[in-house]
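In the two complexes below, chain A is the common chain; its partner is chain B in one and chain C in the other.
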Partner chain A sequence: MKKNLPYIAFAAPALIVYVIFAIVPIFLSLLLSFTNFDGFGANYKFIGFQNYATALHDDRFFYSIQVTLLITVVSCFLINLFALLFAIVLNNLRKLKGFYRTIIFYPQVLSFVVVGFIWTYIYNYNDGAINFIFGKLGLESWMQDWLGDSGIVVFSVTLVIIWQSVGFYTVIYLANLQTVPGEVLEAATIDGANRFQKFKNVLFPLMSPAFTINWILCFISGLKTYDVVKVMTDGGPGFKTETIAFNIISQAFVANKQGYGSALAMLLFVFVAIVSVIQVVYLRKREVEL
Partner chain B sequence: MVRLTWIRNYASEWIMAAIALFFAIPAYIAVTNSFKTAKETADSPYSLPSNFSFDNYIGVFQTIDMWNIFKNSVLITVTILLIMILLSSMAAYTLQRITNKWTSVVYLLFMAGMMIPPQTLYIPIVKLLKAMGLAQSFPGLFLFYIGLYMPFCIFLYTGFMKSVPRELDESAKIDGCGAFATFWRIVFPLLQPCTVTVIIFVAMWTWNDFVNPFIILGSQKGETITLAFYGFISQYNTSWNHAFAGMIVTSLPAIVLFAVMQKQFISGIASGAVKG
Partner chain C sequence: MKKKWTLLLASTMLLSMLAACGSGTNEQSKENSQETEDTKKTEETMEIKWFRQEVGSTRNKEFYKKIEDKFHELHPNIKVVGVANSSNLTVSEFLKTSLASGDMPDVVTMQSADEFGKANALLEIPDHIANLLADPEFGRTGGKLYTMPYKTDVIGVFYNKKVFADLDLSVPKTWAEFTDAANKIKEAKLTPLSTSGKDSWVLGMGGLWPLVGAEALNNNTDYPKQRASDELTFQDDVFKSALNKFKDWNQNGYFGKGVLGMNYQQATEQFTSGKAAMYIMGSWIAGSDLPNLKPDFEVGFFPLPSDKGVLGYMTKGTEGWSVSATSEHKEEALEFVKFLFEDKEVYTSLLQAEGAFSTTKEPVTYEMNEYGQAIMQGIEGIQPYPLPGFGLGETAWAPGIDSYLFKILQNIIAGADVNKEIEAADQEWSRLAN
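Our next item is the complex of A and B:
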């Protein structure tokens, strides 16, 4: 015990702060979720499962889950697809590799507030770049109110998320691609594998460490989507782009229904935990070692 | 290294140029319009400015106390970096070097934190900080960030620590080094690539963070760069040329830093993600 003392002292500060500011709040949140706390008064009371019962009939909450899942799944799928493609193309370049990598990556160093703002301008109906280009090409019928049309808006927001973060994921794929030895692909060619088979059976399995980390990082950040929505649409039109994070924050800090907000937060926590565990177990299992 | 011959080289170059255009256009729009008058932005938003006027930029500096918010953002980012490196590397050292049931429970507890959505924490944290007298203060924000970032940093450090041989610790011990000196003099310098990765991730998250300071520090004061820009566009949302100038000014520090340290950025992200 005595010889372990310095090691305990090494871990203790991190553990104490982490427990107080990350673990304890989860339990506080659980407690608050059974109350009608309004964020100010001290005289809130225990109301049992009422908040959870309300949540089960809250169409706005269920809609925010749908929006979040749609944004998350579509952005994860497309980000990984494009990032893998960009990495392969970048890796093939003979010159200007660093230059192109910089151009793809730079949005990552901007905040979502900045990125959301500039795309608000690009999506603008009257003089936004997209409608401007369609107008010049004589494709007036393609012009849309990108952030005002309730059928399109969620995809407009998703595109911005992809634009901002695809460079980051490309860099990770590129690093992994550079560890794949060329001989493996040559061997597959000699064995008569076609291009698609080589990609599916040789290259992609060897890229799975990058795919695992990219998919998980992307999924977790998708479920947290808030900033870009706050800046671009403020959850609108209607509730068409209201994500779970947006919903919880407006319930808790705008409507001051903190007890109810806590119940929604607990549901989100359980949901994220289940999804993460399933993904980690599944993705780790299909990784191959070289 | 692998080269896929099925995409011909000239095709790669054309594909890449098209992709680059898609990424460059928004930057072009922001930069050119920040030098135009409101009328010119409205009339010809996509042409080069007819004369470079810095009026919009002067307007930005008259509205935003740039020096102060820049100082705040630097202070927050640097402080949180120092705390995270110090606490997470030391904790990871214990968790990786000592293997018993206590350390594996603690390690699992940290890893479980990666699944905590920050939205779950806002309500209780704001209440907790109020009770501690730290509401809307920088120390409150630091404590929140430590809890939030700790799992990821410990994950990176413990993963990387596996490649630092234990024999080094032992020979240092034989030479009479205590645990503290062994870690700081022998092990920590060898963790440098991992520290670079931690710096890049934590700095990028903290510098560009909007929602956490928005909730913890409050929306009124506009104390960080991101909050200040948000306040600025809420005020100038109809005058695009001013807002673009504000955008350039508030993003410039991060862009310059990225331009200067690009190599470390890219390799830090790549090594952290692929090895971790």
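Our next item is the complex of A and C:
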């Protein structure tokens, strides 16, 4: 105990803030999830596991899980792919390094609300930039109602998430890349490894700490997707782009079912926890150290 | 040895941090005492928070600042602090979250007085203020008035007079004439009806609600009330045929292409730039910034006709000023609400900014722009009818059902089956109402 005192002392202020603003609300939410609270106080009662039972038969909720997983998996896969690519290219650039780094990181500076708003104009059917370019190129058949067509709207939103986030993940890869010692790569070159072999057998394994962090951060933020959907589609058309987080907010503040919304939030919480733990355990195993 | 040093360092830092906190508190308390002295000087200045919507350049911060300052001049001990909704939540969502966090402003713009009133979140408006209204009995919930409706909006069809003249169209007086005009506009390669599928409330305001209203006037004027009391459901002919007519508009291509990706601003621009010939909207566009207005653009207005003809025009008078039940300065807040009605200059400016019509016992008029004048001409000699779905008191529909119905409209544009959507809507109603 005595030995740990300094650590406890250092952690205490942050821990107290964390407990008050994160742990306590989670427990309050857990309590609320067993009630039929409508958000206005006064009359509500404990209804046991009824909210959870309802959730199991709620098609809209299950659909929102599908949408969320689709957005998360597709965006995380592509974000990591592009971020890794950009990081390697940036690392090897001789000129204008700062310029390109700024360009790639720039969208990250803007909030999702701003980004989403800009993209609704780019996606507009009649005078949006994308359809305009297709029209000018004579590719009329490629022109789409990007935010209105139920079949593609989820991907339109995912693209914006990728565009906005890729810069952040690039920076993490870049930081990791710069710690890879030149000798190791040099040794591989001497051993006769080609570029791809060097990447696959030397570079990528050494970058796995960054990959672990990036994948998990990306996955968690994907599962929480809300603001970009709220701004770009408001969950629509219909319920086609409703994510879990969006569904929770709608239940709690639009439909006045805060008890039910809390139950859904608890399910999301458990889901994110399980997925994160599995991923951390798996990804940590394959990390290598010099 | 090393450990001792670490411990010493850690405790010193912790102490210095605590000391820093301490001095902070001291300074703060000094400031506080300073404030108390100041307050004493101005005979206990108190602050009341006023939540209102900041929209475009007509209803911006400066616009409200003038009102806030004027009140402060008349009541030097009360300072009104404006609160704006800087999030992208709707007014009702914003108020619910502020209520949940115990931070509801004292005076608020209220669009769902019924819901908030029943939850005891609002103060009952006393008679001496209620009597400023032309109809103090309007919109009471269980006999109690929770909001002071300050404006009446008129909802109907705005049309481009030039397009109508070019195509030799007259103002439609029946449903058949309306459909006929829309078809001719479509043949002329223009969008007949501008609307926004992305901001789905526009589909409701510029589609479903006026359609339900016209059907109700045509078949059963009590439908909104009977739906509210569960006497009738969405399966009723009034609602069903309104929804089918909406579906037909979309299937006949009246909305044009890409409607689900279009937002409210874009829909408005489509009309003002002459690409769309008609736009079903509320009188508030008269008070808002209108983009791309062409010099030869001339606007007209007519109420949406039903099968039997124009039987009324839609009005929406449910938005008002309310006082939070948790306000610490209830008397002052009520005084401010009274001021918003009694001060002619302030009241007129509020109406003008929204292109709205007055609700006071003594009607207030002002010089209207071309949109307002078009509305005045369009509704002459026609009786008003309250927009269904936006009622107060016994005509109030289940809270949250409007958002759900807007989603259904998007589904229908995307090709969903009307009957299935109606079934789902009835199920959602019973879930929301219980």
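Observations
Basically, the second predicted complex is superposed on the first by the 270 of 290 C-alpha atoms of A that agree within 3 Å, B and C clash if a C-alpha of one lies under 4 Å from a C-alpha of the other, contacts with A are read in each partner's own complex, and residues count from 1 in each chain.
One rule holds in what follows: contacts are C-beta pairs under 8 Å (C-beta built on N, C-alpha and C of every residue); 3 or more make two chains touch, one makes a residue touch a chain.
From a predicted model like this one, the values you see are computed outputs, not experimental measurements.
Of the two partner chains placed by superposition, only chain C is touched by A:Gly148; chain B is not. Of the two partner chains placed by the overlay, chain B and chain C both lie in contact with A:Val113. In the superposition on chain A, contact of A:Ile23 is made with chain B only, not with chain C. In the superposition on chain A, A:Tyr63 makes contact with neither chain B nor chain C.
With both structures placed on the common chain, the touch criterion links A:Val231 to chain B and to chain C.
Judged by the touch definition given at the top, the superposed model places A:Asp38 against chain C, while chain B stays out of reach. Contacts of A:Pro13 after superposition on the shared chain: both chain B and chain C are touched.
Counting residues of chain A touched by each partner, chain B versus chain C, the larger count belongs to B. By the touch criterion stated above, A:Phe253 is placed in contact with chain B and with chain C alike. In the superposed model, A:Phe239 makes contact with chain C only, not with chain B.
Residues 6, 10, 13, 39, 113, 230-231, 253, 258 of chain A contact both chain B in one complex and chain C in the other.
Residues 4, 6-8, 10-11, 13-15, 17-26, 28-29, 32, 39, 86, 88-94, 96, 98, 100-115, 117-119, 121-122, 127, 129, 132, 163, 167-168, 171-172, 174-182, 184-185, 195, 203, 209-210, 213-214, 217, 220, 223-224, 226-227, 230-231, 244-245, 248-249, 252-253, 258, 261-262, 265-266, 268-269, 272-273, 276-277 of chain A are the ones that touch chain B when the two sit in their complex.
The part of chain C that touches chain A in the complex is made up of residues 3, 6-7, 9-11, 14, 17, 88-89, 92-93, 96-97, 99-100, 115-116, 119-121, 197-200, 256-263, 266, 270, 275, 399-400, 403-404, 407-408, 410-411, 413-414, 416, 431-432. Touching chain A in their complex are the following residues of chain B: 1-4, 6-7, 9, 12-13, 15-16, 19-20, 22-27, 29-30, 42, 45-46, 87-88, 90-91, 93-95, 97-98, 103, 106, 109-110, 112-128, 143-144, 146-148, 150-151, 154, 178-180, 183, 204, 207-211, 215, 226, 229-230, 233, 240, 243-244, 247, 250-251, 254-255, 257-258, 262, 265-267, 269-271, 273-274, 276.
Across the complex, chain C is touched by residues 3, 5-6, 9-10, 13, 38-42, 113, 120, 123-126, 128, 145-150, 230-231, 233-240, 250, 253-256, 258 of chain A.
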